[in-house]
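Two complexes follow with chain A in common, the first pairing it with chain B and the second with chain C.
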Partner chain A sequence: MVRRSLLVIPVLLSVSVVIFVALHLAPGDTATVLLGPTASTERLAALRTELGLDRPLPLQYLSWLNSLLHGQLGYSVSYREDVWSLVFSRFTNTLLLAVPAFILATIVGVGAGIVGGLRRGEWVDALLSTAAFTGLSMPAFWLGLLLILYAGLELGMFPVSGMQSAGLTTSAADTARHMVLPVLTLAVAPAAVVAQVTRVALIEEMGKLYVRTARAKGCSRRRATLGHALRNTWMSVGTTLALEVTYVVGGGVLVENVFNWPGIGKLLVESTVARDYPAVLGASLVLAVLFVLVNLTIDLLYPLLDPRVAHHG
Partner chain B sequence: MADPVVVSGGVPLGTAAGIDASTARGKRGRRPNNYLLVGGTLVVVLALLSVLAPLLAPADPNALGSGSPLLPLGAPDHLLGTDMLGRDQLSRLLYGGRITLLAGFSAAILSAVFGVLLGMVAGFLRGPVDSVIMRVLDVLMSFPFILLAILIVAFAGPSVFHALLAIAIANVPFLARVIRGETLRVREYEFVVAATALGASRTWILLRHVLPNVLPLVLSVLFVNVGWMISQTSALSFLGLGAQPPTADWGTMLAEAQSYMALNGGVAMMPGLMILLAVVGFNLFGLGLKQILLPEDGAR
Partner chain C sequence: MKHANRAAGLIAAFLAVAVALTGCSSASGNKSNAQAKSTPNQLTIAYEADSTSLDPGQVTDINTMNVLVQMYDTLVKWDAGGNLVPSLATKWDKSADGLKYTFTLRSDVKFSDGTPLTAKDVAYSFNRMLQDKAPGAEFGPYPFGKFFFGSVSSVKAVGDHTAEFQLSSPNGGFLQTLTTPTAEIVNSVAAQKVGKNFAQEGGGSGPFMLARWQRGTQLVLKPNPHYWGTKPTLQQISWVPVADASQRVTNLEAGTVGLSISPQSASVPKLEKEGFTVASATGPHTWWIGLNASKPPLNNVKVRQAMNYAIDRDAIVKGLLYGTAVAANQPNGEGQPGYAKGAEAYKYDPAKAKDLLRQAGYPNGFSVNLMVTTSGSGMQEPVSMGTAVQGYLAAVGITVKIQEFDWGTFLSKIGAGAQKSGMDMWEMSWMNTAVDPSLFFGPLLTKGSWPPGFNTGFYSNPEVDKAVADALTEKDQATRMALYEKASLLVNQDAPWIFIDHGKAVFAHSKNVQGLKLNKAMPFLLTELKDVTVG
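Up next, the complex of A and B:
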């Protein structure tokens, strides 16, 4: 367990190096973006010196890493804000979408998977499986646009952009209304994955001998399923949770951009276009760290879901 | 995202379209493979529409004002309406398909070539080579794929080619893992041991004995992946990191559509439908292929 936790450190370090190198190799640096194409060579050079852009890359990386460890991510030139506070506020907004979507997807997915597994081959199963297949194939950005068009614009049920209505003071209820469509969009693909995995795992467990034994001993079908087989499917469902995180984080970038939601994903795309290195680095780092840590947590939770794992290390 | 194990989770697409592994057993060869049929039809139709775009398109896809702006679906001369700039949407959709499908296909091929190569080498040589390759791939996998893709595009600048390259690289680890596992299995077979005993070189064994045995798996995963990569390259285009205006691809068309969809919803939604059809088509085709090429796998 300690070993698994320590493995995270080299991974995070490599992640930071990759992000750092990739962006600094990119054509067009921050100074050019800030001053525009007409700036004189002297002014560019002066600004580069001021921002430390003229130093060798390894040195720039080390100073960035050093300030990172001191809780400083640098200063975003395009947002004119400290990157740490920028990333932090955006991160909260991202969680506001990601956490409800994750919970919703898990509940709906597991539920649909159980129903499909129990009613295998019946029309309910066919319907749910087709829905899951379509949901998984549906590009998140198109689904978002469809919801905006039909549920947002035509029916006018929910606001379609941003976190708050303009001109109003911040209210939780207003934000909640803004959350509905993006959360729904974000939840569809992971719910479909969870449903498929749960269904297959349940069907597999139901075919095993211990379930037949339980049934032979007079255990009801419901009890054999929910009490015996289902508990053994947690393992594969647990594995899927990690996959679900991928969908929520990846889909989040798209969904935030579709719904103009001021989260990390939107920050990432905006700052990439603006070549705002500190902001891109901060946003990527937060996304990657979140991703790595959640996966670590899920790995560490396996033994709780299935005690057999502990024996295999 | 393109984890083939989950993608092909043995889901029958409705009782009419799906083959239940248990009932299909023993009847193979007589019963048509519906996945392959439905998926193949979709793929062929989409491919034909794209290839024949110059013949089918009623107008130049980039000609401004070939009709009045924002004509609705079914308008005379403009079957699928026009966009904000009066460009014929049917023509843009047909020409856009060429870019989107080609980008998805190329990305899938690229990532398959590198994934198979790395996976086979890692699984066959094992030891330190295996460790190095797999650790590097682990790092790649520790990025959410879209983050990796955005970083690569940020590095290289936005274009269709860079977008498909980014998607290809981001997906290499998934296939490499699957192929590595398969290679670990194949290398223990007696014909491999026999070949080694006869003095065959490693390269020869890899190409002549291992590759043919992992190829069926590669092919079925490849087609499923084409679907995902069409979706992913479109996503990058949608974010403005892929095809650049005025070039039409389905992702950029949707991005442009966001600005006028309140005025002309039906027209705005068509490119998304095409992406969905392409993803579904290639997925079904890949699953069908898997049932034929790897019949013993059943629900895998």
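Up next, the complex of A and C:
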């Protein structure tokens, strides 16, 4: 367990190096984008010196790492803001969509999977499977646009963009109304995946010997499924849920773009285009930490879910 | 088997419903309902991106400048007729050698925190951009400072109401540069007190001040209680960043915003049909294809003229830009200073183009590359326009190979110049914020601006260089404009570019937003917003 936790550090370091190198491989830099077409060589050079971009790459990386170790993520020139507060506020905005979407997807997905598994072969199962495949095949931004067009524009039921209505007064209720369409859009694909995985895992378990034994001992089909088989599906379902966390946070970039939601996905795209190195590195690091922690948590939970899995240290 | 059939049936049913829904077009009745719901004299505006900074010295994008012109004033400004008139300065004198300008300031101006605006604020606002050791220089960078005011060596405050600008060389376009948002006067006391955070709050003397800024979500302005001019009718302006042009249309239709800046041009006819007002005006914007004149085949003027005849500009303006632009045949547009009447219009004539190519020695055409960007400020529809140009040139025998890049990469190639980057042709556009032709001709069309300067294609005509240089030192404005017109005619004939269009400033708004006037000289900036009423 300790060894697994310690692996986090080298993983995060490698992620930061890869992103740093990839960013600097792209032609153009912060100065080019900031000055635009009116840039003269002298002013570009002066700006680069001011931003520290003329130092050798390893030195720039180590300088960033050094400030990181002092708890600083740097200053974003394109947003004129401290990177930590920028990334933190955008990240919490993303969580406002990701957490409800994840909960919704889990409840709906697991529920649909159980029903489908229990009623395998019947029309309910066909309906749910079809819905799941349809959900998986719909691109997120297309679904988002559809919802905007119909639920938002035609029916006027929900706001079509942003986190809150313009103006000086804000309320939790207003933000909640703005969350509805993007959360629905974001939850569809994960719900479909979770549903399918749950269904297949449950069917597989139900075919095993111990279930038949329980039935032979007088257990009802329902109790055998939900009481015994279901518990053994948590390994596959748990792994899937971990992957879905990745999706709702990182994959939210498409949904954030369609709904104009100022989240971390949108920040990553904008700051990459602007070649704003501190912002991209800061945002990527936060996401990397999240993914690593989620995977670590699942790893550590495995023995609880299935005592047969032994810890190797 | 049975289940597969059932599943297939369900899928078919779902698809049928989806197609039916997609097929239904929306009735316009819903849209006017959305227009009605708004608070009196509160305006919500959808703009292209969140503001970058509220310090005018730091800002390079027109998008943020629209917010700045509500919060700050300049020494001089453009009036409704496109003339340069007093604003913060009541009058000004120029020394005989053109190297010293003395401005007398109004005495009744206060910043939003009640502090009086004096000459020392003028000195601070400019010196910090021009001198590395001046107070405020450490809160930069100030990317456009030297671009606009490179001829200014220093600004001195003489008493409270006189500001002296010392120039290192005469500049006939100097006053015009003072109309740009980069020349806006900031509250020097507040700026020095909060340092880097001034970018988040701002502090000006304009009709509005910052009420609240939620980064990425909205920026709200409220009236400046100490404003020296006529009080605005608008009581609140909320700026909402909406990056996608089609979403700026949707937001307007849904009633989320009352005004959309640069809505998707393809939706302009639809918006008009739905009862929205689309206000537009031509301004100092130009879009062209740059040509590498340093080597064959594009070093031949007949070839470049042929390419100009090969393009159907009217079709591009109508079909790709939906009327949000006008055809171009020279650097400036009609109605802009420096525009020359009687220039060759290069009307669409593929036969003439082929003939000119034959005369130039290319009866079978040739092959070139074209750099296209996927986006970029002022680039309109760069991918479809680049593809259209490729098509038109193919029709006269010129094979164009397109290379697409993102804006950052594209800019770095442009910056290196046509030779280093191996470019034959490239898209480019220019927004001349100061409106004066000196800031267009100088950087783009003179020999002095060859790479590493911005004359990317190595164009050179000594007569153009002379006219532009003379216009810089010429004292009479009418004579200056005649010189630029002469240069414009020469550029039109030399065709160093394939001239394509001048983009219009386009603003779509609901009917209850009344009284919107566009500035004749610089319509891309909403300088007259404060007089708008929202019913």
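By definition in this document, the second predicted complex is superposed on the first by the 308 of 313 C-alpha atoms of A that agree within 3 Å, B and C clash if a C-alpha of one lies under 4 Å from a C-alpha of the other, contacts with A are read in each partner's own complex, and residues count from 1 in each chain.
Definition applied: a residue touches a chain if its C-beta (ideal position, glycine included) is under 8 Å from a C-beta of that chain, and two chains touch if they have at least 3 such contacts.
Keep in mind the model is a prediction, meaning the values are calculated, not measured.
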Taking the superposition on A as described, I'd like to know which of chain B and chain C A:43 touches: first, second, both or neither. second
When the two structures are overlaid on chain A, which partner does A:274 contact: first (chain B), second (chain C), both, or neither? second
Once the structures are superposed on A, label A:148 by its partner contacts, choosing first (chain B), second (chain C), both or neither. both
Regarding the shared-chain residue A:161, is it in contact with chain B (first), chain C (second), both, or neither? second
Of the partners chain B and chain C, which touch A:134 in the superposed model: first, second, both, neither? both
Overlap the chain B and chain C contact sets on chain A and report the shared residues. 26-27, 121, 123, 125-127, 129-130, 133-134, 146, 148-150, 153-154, 257-258, 273, 275
Which of the residues in chain A come into contact with chain B in the complex? 11, 14-15, 18-19, 22-23, 25-27, 121, 123, 125-127, 129-130, 132-134, 136-142, 145-146, 148-150, 153-154, 193, 196-197, 199-200, 204, 240, 243, 246-247, 249-250, 253-254, 257-258, 268-269, 272-273, 275, 280, 284, 287-288, 291-292, 295
Residues of chain B defined as touching chain A within the complex: 1, 3, 6-7, 9-16, 18, 20, 138-139, 142-147, 150-157, 227, 231, 234-235, 238-241, 251, 254, 257-258, 261-262, 265, 268-269, 271-273, 275-276, 279-280, 283, 299
Which residues of chain A touch chain C in their complex? 26-29, 32-41, 43-44, 47, 50-51, 75, 77-81, 86, 89-90, 93, 121, 123, 125-127, 129-130, 133-134, 146, 148-150, 152-154, 156, 159-168, 257-258, 260, 262, 266-267, 270, 273-275
Touching chain A in the complex: which residues of chain C? 3, 6-7, 10-11, 14, 21, 26, 30, 33-34, 39, 42, 44, 49-50, 52-53, 55, 58, 60, 140-141, 143-144, 146-147, 196, 199-200, 211-212, 215-218, 220, 236, 238, 240-244, 247, 250-251, 253-254, 256-257, 375, 377, 405-415, 428, 430, 443, 452-454
